[in-house]
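Okay, got some structures for you below.
Shared between the two complexes below is chain A, which pairs with chain B and chain C, respectively.
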Partner chain A sequence: MGQQAANTIVLGSSYLLFTLGLSLSWGVLGVLNLAHGAIFMIGAIVAYQVTKGSDASLVVVLPVAAAAGGACAVILELVAYRPIRNRLRHSAEGDLRALIASVAAASILVAVGDEVTDRNPQSLPPSLFDVHTTTVLGAQVTNIQLLIVGLALALTLALAWVVHSTNAGRAMRAFAYDPATARLLGVSPERLSVATMFVSGAMAAAAGVLLAINLNLVSAYMGDGLLLKAFAIIILAGVGSIGGALVAAFLLAFVEIGVVEYVSSDLKDAVAFALIIVLLLLRPQGLFSRGAWQRA
Partner chain B sequence: MSWFSDNETLIQAALTMTLLAFSLQVCLRAGIASFAGVGLWAVGGYTAAALVQHGWTTPLAIVVAIGLSVAISVALALVLGRLHSLYLAMATIAFVLLLQIVARTWDGVTGGADGLYAIPVTLTTGWLIVFVAVTAGVVWARGRGRSGRTSELLRVDQALAPSLGVDVRRQRVAAFALSGALGALAGAANALLFNALSPDQFGFTLIVDVLMALVIGGMTSWAGPLLGAVIVTWLPTWLSFLGNARPMVQGAIVVLMVVYLPDGLVGIVRAAARRVGGGGGWPAWAARRPRVRASRVRS
Partner chain C sequence: MRFLAALAAMTMAVSVAACGSSDSDDSSTGTATTATTTSAAGGGSHEGEVVKIAVVTDQTGLAAIAGVPELAGVKFGVDQVNAANELGGAKLEITSTADSATKVPQAVSEVSKAEKDGADVVLLGAITPEALAAAPIAQRAGLPLVSMHPAENLTTVGDHIFTIEPLESSRGPSMADYLKSQGVKRVATLYDSSNPTTALAAEKTVPEQAQRGGYEVVSRQSFTTTDTDFSGQVAKTIAAKPDAVFVNGIGAANNGVISALRRAGYKGIIYGTVSMGGGAIAGAGADAEGVIYTEPFSPGTTDPVGKQFVADYKKATGKEPLYFSAAGYDAVQLVAEAVKRITGEIDRDSLSKAMTEVTEAGMHGAQGSLTFTERQAEAPGLIVEFSGGQEKVVGGAQ
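Now for the complex of A and B:
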């Protein structure tokens, strides 16, 4: 029982780490970045490439990977999302075009990942991070899992603080609520969108490094499965709601582990998809969203 | 004729892809961001394959596959009735992936992860060409006159549609049903031409391929999906000189096209035709573009 609780917390933290950045870019800029999973994967790829030629430790590799992920997201914003927004004829059409562009961009990154990993799953060397198991309150956990839980909670708190209590966060919320008015109030959409995408991409890539160490796996396709789970979490939470994402990530992990334990491990992934469809029907604005002012 | 026989498999692949592209186009063109057609491709494929394996005749199997898919599509349209744009897109992607899990786990009917194989090959390229021609005709007819204007109106401004007497709900159900029927036809054709069907053939990668065909060809006419599907099918051959860089170049082409040429190759031809012939020149089908005249849209 204690072990299941520990598994739930670790899985929920992994989901949370992946979801925060996706929720941020969607909440602030209104783009659903389907390349988020690929940027997550790029984080792990960078860690793999850097540690292949050196015995750099996580303290060095994590910031490098995060910067690379942030850069990918910024390039995507500058090359695709911004031109689409600027040439917009109707907003619904723009959403779909941004969605297709992000899928295509993801396929470029996946091709790069395939190239770097020689089309085979690879693993990271122990010099990057020495994984060992400890016992916490009777449950077996590894030190990387503790790091994932710690970082997920720390980043959630940090993001919540930035969004709610700093000028940058106020600018984000103003932009999310009404881009035109935010511009009148002196918010530069160019700078804000670049900064938001950088933070979103950096968080994805950092999550990629940590989860790759935890799973001992680097593969071009490691982000695919997480994308729809993150979508389920965001739908459950409400777009842009950080506290909601925290609750929803752990809720999804709890249900999934329950399904694996008591029903069938085949159906683990079906939980998220079924959840998406049911939730969109019953409460499309999310469980925790109260109104647009709360977004971002 | 030898080129034809050398490339018959690619031709069949391009034409089945065209049918599926038509399926998605029907919804996307009316501003409905639904990818459910890819899911019904699987429903149609598995249904037709299983029925033919059980000794049913091909036409009957295809009709039953389409009927089942239309029923599912109508149910889906009613259930997902409130959703728009990104939410609808993601809900339908979830629907497709859910079907993929069903296909992987329901061993008795779908053959599980291995899929169905040794499906009797009961269709020919000739039949496939007939399917594509008829479907292209339907899409062409839908893009003209009142139904074309209604589609365009729904895409441009769904809030305005009811005040012009368009029953949005009915239009959505109709679009879903037609999209489901075409998706099932594409799936059934695929299963009965290529003799094997497995869960890995659909899912997210198939959605990406079809979107690529639609983006490259363009969504605003019947010719776009055909052109796009042919290009997407042959692109790996044409770009094979790029070696390992091919997938990256392919992705970059799609990104650039979706940003800078949203109407695809048909859009380019249309713009060129308009410049050369002032709208009436060659080719006439390309120069004509359905335009909304609000006063003439009535349900």
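Now for the complex of A and C:
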């Protein structure tokens, strides 16, 4: 029981770490970035490449991978998403084309991942982070899991503070409400979108490094399964709600682990997603959704 | 700026197209060795005839770990057969190599294309759902198709469908005997339930092994191919106090589960199937140390044909062959042995019939002595321990 409670906290934190960046780009820019899972994977790939030729520690590798992930996301914004947004603003066709562009971008990044890993699952070396198991309140957890929990909560609080209490956050919310009005208020949409995508990509890539250490796995496809869970969390939370993402991530983890423990692992995803459907039927806008005018 | 963006977008599009396309095989050396006229024992003269082989393998995606070495094994086998010049003057030629990309629609599309392009035989290296979807196309066209993966019930699709890699169930008794010898009394299963072959091994083969080995299956937990968290299932598994845990996933999942078990403090035996073979679990590092699994072939084989294959393959490529390469090589041997039996013209029908004759008689390939039931290969296989980054044969047929 205690062990499964610990597993729930770690799993919820992993989901949260993955979801935060996606929630940011979706909530602020309206970009449904299907390449987010691939950028997450690129973080792990960069760490894999850097540690192949050196004994670099996590303190060095994590910022490098985060910067690479941020750069990937910015390139996507400049090359694909922004031009599409500018040409087809306020149209469903524009959203669809951005979506397709993100699928194409993900395919390219996954192909890169395949090449780097030689199409075999790899792992990060112990020199990067020496994983060891410890007992906390009777449950066995590893030091990397404790780091994931701590970082997920810290980043959530930091992001919530930035969005709600800083000028940059106010600019983000104004942009989310109406980019044209935000421009009249002195917000540069170009700079804001680049900054948002950089932070989103950096968070994804940093999550990729930590989860790769936790899973002992670097694979071109490691982001695939998490992407679906992240979308479910964001929709359940309400797009753009950081607090909602936190609650939804832990709720999904709680249901999944609970089903494994008390029902059957065969039904883990089925029960979790059935519950999400029921919740969305009761509250279609998401658990914590507010209108754009309220967010702004 | 807009021009640069457009240029970059075009570059991306071209890259995507290049990744997804199938291409003709310019590296195949099927025509590199000049054949001389010799009459095959029991077969006719086929001077000038070419057996067109279409190879469809997962070169990308989760199963690329198998598809890439399978293709290498096929190429090596074709080169060797042509160099030996024992097909009555006929030559094997790889007319196309296509990437099924670990995707069912892609596999179906590529097998359809091979059929329309006039291939005499298709060698398919794709996971079970792909094989099950693509095989009916070959069957309807009378096109012999050899699966280089074990795929339960695949040959029931029809008489033109063959499987060269023995099923896990045929290696079951060897593993049961090995676990019994290790004093195992309680076994748990942790497996990918979203793949028919991995699921069947856990739900059918393991209970059959348990009966033979006199042990009990105390826990059954499942996951899916794209899962990245196994903590809940691992906790349940360990709580059942098993002496051994059967882990059966595809690609990266095995590594994740093995590490999750070890990091959660499990110290018993972890064992699995061929899906762990060919270096697939090496990425799990120290956590993979001591893991046991079955394989139809290992570079450490003591079978004389297998040993010769290892030596020849190393000489030709500079690398040790993985079992996937052995399956690819044996698929070519099946085709070659069939060609030797054909007295008339070589076409799909005569090839299919001759291949059936070969399977009825049995054959000896790199994977050892193979028997067939309804064109599905069977062999007791090997029990292998992953130790120090290498495979060590610890039981089975040798």
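Criterion: the second predicted complex is superposed on the first by the 276 of 296 C-alpha atoms of A that agree within 3 Å, B and C clash if a C-alpha of one lies under 4 Å from a C-alpha of the other, contacts with A are read in each partner's own complex, and residues count from 1 in each chain.
Operating definition for what follows: a contact is a pair of C-beta atoms (placed from the backbone, for glycine too) under 8 Å apart; a residue touches a chain by one contact, two chains touch by 3 or more.
The shown structure was predicted, so the numbers you read here are calculated from the model rather than taken from an experiment.
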Touched partner set for A:Leu32, first chain B, second chain C, both or neither: first
Chain B versus chain C as contact partner of A:Leu215, first or second or both or neither: second
First, second, both or neither for A:Glu256, with chain B first and chain C second: second
Touching partner for A:Ala274 - first (chain B), second (chain C), both, neither: first
Partner chain in contact with A:Val79 - chain B first, chain C second, else both or neither: both
Residues of chain A contacting chain B in one complex and chain C in the other: 79-80, 83, 104-105, 107-108, 111, 114, 224, 228, 266, 269
Residue ranges of chain B in contact with chain A within the complex: 28, 31, 33, 79-80, 82-87, 89-91, 93-95, 97-98, 101, 104-105, 155-158, 204, 207-208, 211-212, 215, 244, 247-248, 250-252, 254-255, 258-260, 262
Residues of chain C touching chain A in the complex: 2, 5, 8-9, 12-13, 15-16, 19-20, 60-62, 64-65, 68, 193, 221-224, 226-229, 231-233, 235-236, 251-252, 254-256, 259-260, 263-265, 279-280, 282-287
Complex interface listing, chain A residues touching chain B: 32, 79-80, 83-84, 87, 90-93, 95-97, 99-101, 103-108, 110-112, 114-115, 224, 228, 231-232, 235, 266-267, 269-270, 272-274, 276-277, 280-281, 284
Contacting residues of chain A [partner chain C, same complex]: 3-4, 7, 10-11, 14, 78-80, 83, 104-105, 107-108, 111, 114, 119-123, 125-126, 131, 133, 140, 142, 211, 215-219, 221-222, 224-226, 228, 256-257, 260-261, 265-266, 268-269
